[in-house]
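Here come two complexes built around chain A, the first alongside chain B, the second alongside chain C.
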Partner chain A sequence: MAPAAASTRRRGGLQVLRGLARPDFIVGALLVAFWAFCALFPTVLTSADPTRIRDDGLTLLGEPLPPGTSSFLLGTDSLGRDFFARVVHGARVAMIIAIVPNALALAFATLVGVVAGVMRGKVEFVLMRVTEAIMVLPGFMIAMAVISTLGTSTTVLILTLVAFSWTYTARVIYGETLRLREMLFVEAALSVGAGRWRIAATHIVPHLKPLLVVYFTMNAAFMVLLEAGLGFLGFGVQPPTPSWGLMLAEARDQFFYPWLILVPGLCLASLSVGFYLVGQGIQNAGRPAEKAVVL
Partner chain B sequence: MSPRIRYVLSRIVGLLLTLFAVFTLTFLLTFAVPQDPARSVVGPKGTAAQLEQVREELGLNDPILIQYGRYLGNVATADLGYSYAQRRPVVQIIGERLPYTVVLAAGAIAFQIGVGIPVGLVAAARAGRTFDRVSLAGSLLVISLPGFWVGLVLLFLLAYTWPIFPLGGTGSPAALVLPAVTLGLAGAAWTSRVMRTEAYEFLRSDVVRGLRAKGMSPRRILLQHTVRAASGPVLTMLAIDLGYFLGGAVLIESVFSWPGIGLTSFQALRQNDIPLLMGCVIVGSVFILALNLFADLIRMKVDPRVSI
Partner chain C sequence: MDEASKTASAWAAINTYALDRRRFLQVVGIAGAAATLAGCTQSGGSAPSPTSTGAAGSGANPAIPGPPWAGGVRGGRGVVLWEDPTITYDPPKAYGQADYYGLQNVYRGLTFYGPEAEPQLDVAESLDLAEDGLTYTFKLREGVKFHNGRAVTAGDFKWTFERSTSKKMESWVQGFLGSVQGHKEFVAGTADEITGIVAEDDRTLVLKLTQPDVTILGVLGIPPFYVLPKEEVERLGDKFAENPVGCGPYKLKSWDSGQSVLVFERNPDYIWVDDLPYLDEVEYRWNVGADIAYLQVSKNEADATYAVPPSARPRIKQNAAQAARYKEWSSFTLSYWQLDLSKPPFDDVRVRQAVNHAFDRQKAAIFGYVPDGHFYPAGLLGYDQAAPVFGFDPAKARTLLQEAGATNLSMTLPVFGEDTSLAQLLQQNLKDVGITVELKSVSVNPYEIGMELPNQYRLWPMGWGMGLPDPSELVSSLVGTGAPSNFQKYSNKRIDELGAAAIGEADRDKRAGMYAEIERILLEEAPYLFLGVDSAPTFISEQLQNFYYEPILRTYWDRYWKTGG
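What follows is the complex of A and B.
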């Protein structure tokens, strides 16, 4: 029995890998990997200090230098800082935001969704009504208000991002838990006397794994965009830390210097496209291709 | 009482409970702010006696529960208090700003319908072919773009470099185009994908085979039957989006200096004008909640199988 089971499992793994070997997933993975590399080892790509205001960073009229000027690959920003260094170092904030609040929100969503789905009754009712109530709040407005009230520290920022992003995922996980608890293997576990929490831990949560992976990657893109939006209005990471949202905020009226607007936006877009492509690739792996309908 | 009416009533009760939660949250926010409201009214030069007088007038010396009760009573009677910065009723300010948000939301939804539905429909009819692939890739790209950045780039290209549209302002219909397109862009992408999925399902059904067998033209099947079959989820989505747009598009309004509820809330926050900010949050929540309820009712109306 054992070798047969092992070989099935191996074949299953191979199938998933083959399902992932599609151009869109590979492009997505490369984009994410590139920015992860920038976040981890920014100094490999640039030795310049992203926060240092350079004496040679502005023209005689005090204007930023365009891309390609002397030693500045992407020119300088309106304070005369090396823009390439700022862009590369900005990946770190983006990656932290894509991972930390995202993982916390996913963990919280799983907790709420699974507990509501397993407990049923009053607990289920209260948990899901609260989830729905938070879901329909004007989140962005309240997030701004909370951050400006409690201060713009990274902890507050991360907790606010968590508070306004777990609800949708919790609903999905709740739905999936309801589906799983009707499965035969749950019935089997119940019939041999397994308790509710044992079933949740050993039968339900492990089956949620593929779903969690997909939502982690998709939500990563959402988190990066949300933080950039808050940063654009001054409620994100604070200066002089290089962050793409903040760079856009500093550049918003600088139509004379379009690279200051274009570059950070393209960085944001490429990272979030990367996450979406990875998520979608995982979701579609193993799913048969759709056939065209002939009308 | 029929189950349907009971369902609607229970939803309305739920809506009122959520609103109550929103009001409580906004009330608590005012206490979390490290700022004395009386000081905001009196100004930095006010004397201690003036300060005390204003505190008495605003009821700030009362116990917190009394203040809370009074606040709930005021909100229930559409009295949202006085703006510290502008020194006039919040309701009046919101009344002036709301029409801008409504116009912008309507424009964005119109764009969403005008682009999303046809693209999704054609993509479903051409599933797997070039148009389908391109529209899928395009919608993915659009969804991944930061909306406010799209706004900046559109302004740079179509208002600054090639001045087709005005850089800002609200005076002409042309001024609405860029903000509405920016706001509706991601929604149009989502709409096209939902439309495509729904239409694809329907086109593979026996209903379509029957219609074809009776000799109905593909065009008519698409425009008449497929649109109707897919309308449930699409309308639901549009209603929910409309709610969020009416709730204030803070970022987009701020990029285009569009004086709606979203920009108002941002300005209120910048000026520490807590009553105005609370007013914006409350009005925004009411819109989002109401349109969410409306979306559920549409879903129930279009698809009676939706469980009650």
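What follows is the complex of A and C.
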């Protein structure tokens, strides 16, 4: 039985890889890879300080310089800072927010969903009712209230994003756990005396991986937009740290200088779409593999 | 001495403190404003008539105080957009832009400000000033009524003045009647009334002073001293804030906090209703961002905004059609950062001087400030162009910090409001001299936490819009020992002495010298990180006519009119 299962996994792996060779996934992966590169190595692309207010960064009338002006590839912002440098360095905040609170939220959601699904009974009832109670709260509003109370540090921001983004995923994982525990291979494990936690660790969580990968990428897009929304309202990372949401906020009355709005808007859109396409690609590619495992 | 001579004599004594015409024109500094003023050396009738037809204002009533008003057209609704929220129309409590600068629509007082920021009689018909300069006898006009129909009496003024300056009210004008007999005892709680305010009969109000006070008529012309009906204030209680009742040209028609809008309508009992106001209604909308306000006014969907995004200003100036509707007026609104003087590092004057040298205030001009480094606005009595202001000198700042032993400083700078641009400029300037500043967005109003600010921050942004065109206000409200908005607890004995003496000094040049010395002390001791004076932009619709704006009461919606319906 074991060699046959390994063979099935190999076939499944190849099917996944073949499934990923789709234009939408490739575009998404390239977008995410590009912004990940910007986040990791911004100085490769620009040596300019993204926070430096430049003496030569404004016109004599005090207007920002348009894209393509002298040494400013994307022009300058309303304070005279290099806008290209701010866009490139802004990717770091976006990627951190896309990954760190997202991973923490996913881990927490997995813990809650699996425990509720495996334990059942009172534990299941309490965990799921608490999850549902938090789900119905207006997360964005409460996030603003929490941040304005506790301050606007990056730690508070990340924990707030985690606190209000794990619930939906927890519900999905809970449902998937319930489905998996009815599977024959779980019953087989039970019949040979495996405990609940062993089954959870060796049979249920591994089968959640495709789902977790899809939700990670989908939630990454959501996190980036959520941080941008909070940043736009002044509850995100604090200036002068470049953040796309903050850049949009600073540009809200700059309607004569469209690049100040368009560029960070396009950055946000491209990263979000990139994550979404990657998630979709994995989801579509993963289905045959998952079926193979089940069969 | 007949009534007219007495009044003329009084003005001669009073006007020693007012801005002179030349200096005032320097303040406004705008050709358009100069032209407006040139046509109006006296209130009312001498202003040039506009080309509109069907004028309601005959111009034949010279008793109407204030800027030019004649020749307008009745009808229509004026729509005004404000960034700040409207919180209260209770005059001594109002301090926001959208409420304080709307009070004169609803209320009026003994005096009103003329076109050169000089006090003119309003509800008072005449004034008799005793030769010793200590007793002011006002005779009220007949026929002045509150919106509820009751006649305004001298007793209403006494009650209003006591209410506005009472300890319980905690208004920023609490000390403004300090020269009136019995005021100190009243504020201290040892007297039930201000004995120096006497209502001799319904139309005669007497103010008795303990010392000459050249500011008193100006004080009586600012909104917190506009007359209120006692019975309405007591009946409505806290609800009076949103149900104002006065004797001004407009009365409240509706107030909708949810929609952030209030509407005034013409007061049919207004004392000058045959001439003013021109507009049937005025609508105030607040919580409107500067960007939205600019767009709405540019499309003539609203008639005026006083918040124009700095980013839009260069483009407006390059557009002839919009430039004609746009003006940048100098203001009497000061901007600065207060420094906590009680703790390190700002208990050391060298650190305070260092941060003043570190700040590149010329760059602040793009954010709408006039950054000349002074504490006083240009044109204010005591403004001395030769005063030694702080120049941008990072090297000197670093030297001062080294001398003070203040290295590796770090602090949090609160940012009140959405725009962090100026704070980011300061953040960079201080970083360049070795001071790390972290910005923190704060949603509360700094005046609400007032004295708590030093417990939370080492420096914080502040602004002060002067309600009185006289530097005495800055001493009594900001820099004097124990002044209500002296949140940093600054104290200088010499400033207190000069401030007290200057109130009673009738010689204008001597007063100017006293206040100039106060500013020099401030510039030397640097209790603030000085920024400058706000530039006040106004942008109006194509239809709005006779628009006039000045630093004290600012807007005059009783005498603007609209063309084209």
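By definition in this document, the second predicted complex is superposed on the first by the 276 of 295 C-alpha atoms of A that agree within 3 Å, B and C clash if a C-alpha of one lies under 4 Å from a C-alpha of the other, contacts with A are read in each partner's own complex, and residues count from 1 in each chain.
Please note the rule applied: contacts are C-beta pairs under 8 Å (C-beta built on N, C-alpha and C of every residue); 3 or more make two chains touch, one makes a residue touch a chain.
Predicted model, so just to flag it, every value in this text is computed and none were measured.
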(request) Look at A:I53 in the shared chain and tell me whether it touches chain B only, chain C only, both, or neither; answer first, second, both or neither. (result) second
(message) If we overlay the two complexes on their shared chain A, which of chain B and chain C does A:Q238 touch? Say first, second, both or neither.
(response) second
(request) Identify the partner contact of A:R252: answer first if only chain B is touched, second if only chain C is, both if each is, neither if none is. (result) both
(request) Check whether A:L79 is in contact with chain B, with chain C, with both or with neither, and answer first, second, both or neither. (result) second
(request) Return first, second, both or neither, reflecting whether A:Y276 touches chain B, chain C, both chains, or no partner chain. (result) first
(request) For A:A21, decide between first (touching chain B), second (touching chain C), both and neither. (result) neither
(message) For A:E63 in the superposed arrangement: first (chain B), second (chain C), both or neither?
(response) second
(message) Quick check on the superposed pair: does A:V44 touch chain B, chain C, both, or neither? Answer first, second, both or neither.
(response) neither
(request) State whether A:S148 touches chain B only (first), chain C only (second), both chains, or neither. (result) both
(request) Specify the partner with more touching residues on chain A, choosing between chain B and chain C. (result) B
(request) Jot down the residues of chain A that show up as touching in both complexes, chain B in one and chain C in the other. (result) 148, 252, 255
(message) Considering only the defined contacts, which chain B positions touch chain A in the complex?
(response) 14, 17-18, 21-22, 25, 29, 32-34, 124-129, 140-141, 143-149, 152-153, 155-156, 160, 200, 203-204, 208, 212, 218, 221-222, 243-244, 247-248, 250-251, 254-255, 262, 265-266, 269, 277, 280-281, 284-285, 288-289, 292
(message) Please output the residues of chain A touching chain B within their complex, sorted ascending.
(response) 129, 132-133, 136-138, 140-142, 144-146, 148-150, 221, 225, 228-229, 232-233, 245, 248, 252, 255, 258, 261-262, 264-265, 268-269, 272-273, 275-277, 280, 289-293, 295
(request) Spell out the residues on chain A that touch chain C in their complex, using ranges where they run on. (result) 51-53, 58-59, 61-64, 78-79, 148, 151-152, 234-235, 238-240, 249-250, 252-257
(message) Show me the residue ranges of chain C that touch chain A in the complex, using the header's touch definition.
(response) 289-291, 294-295, 309-315, 317, 363, 365-366, 418, 420-421, 423-425, 427-428, 438-441, 443
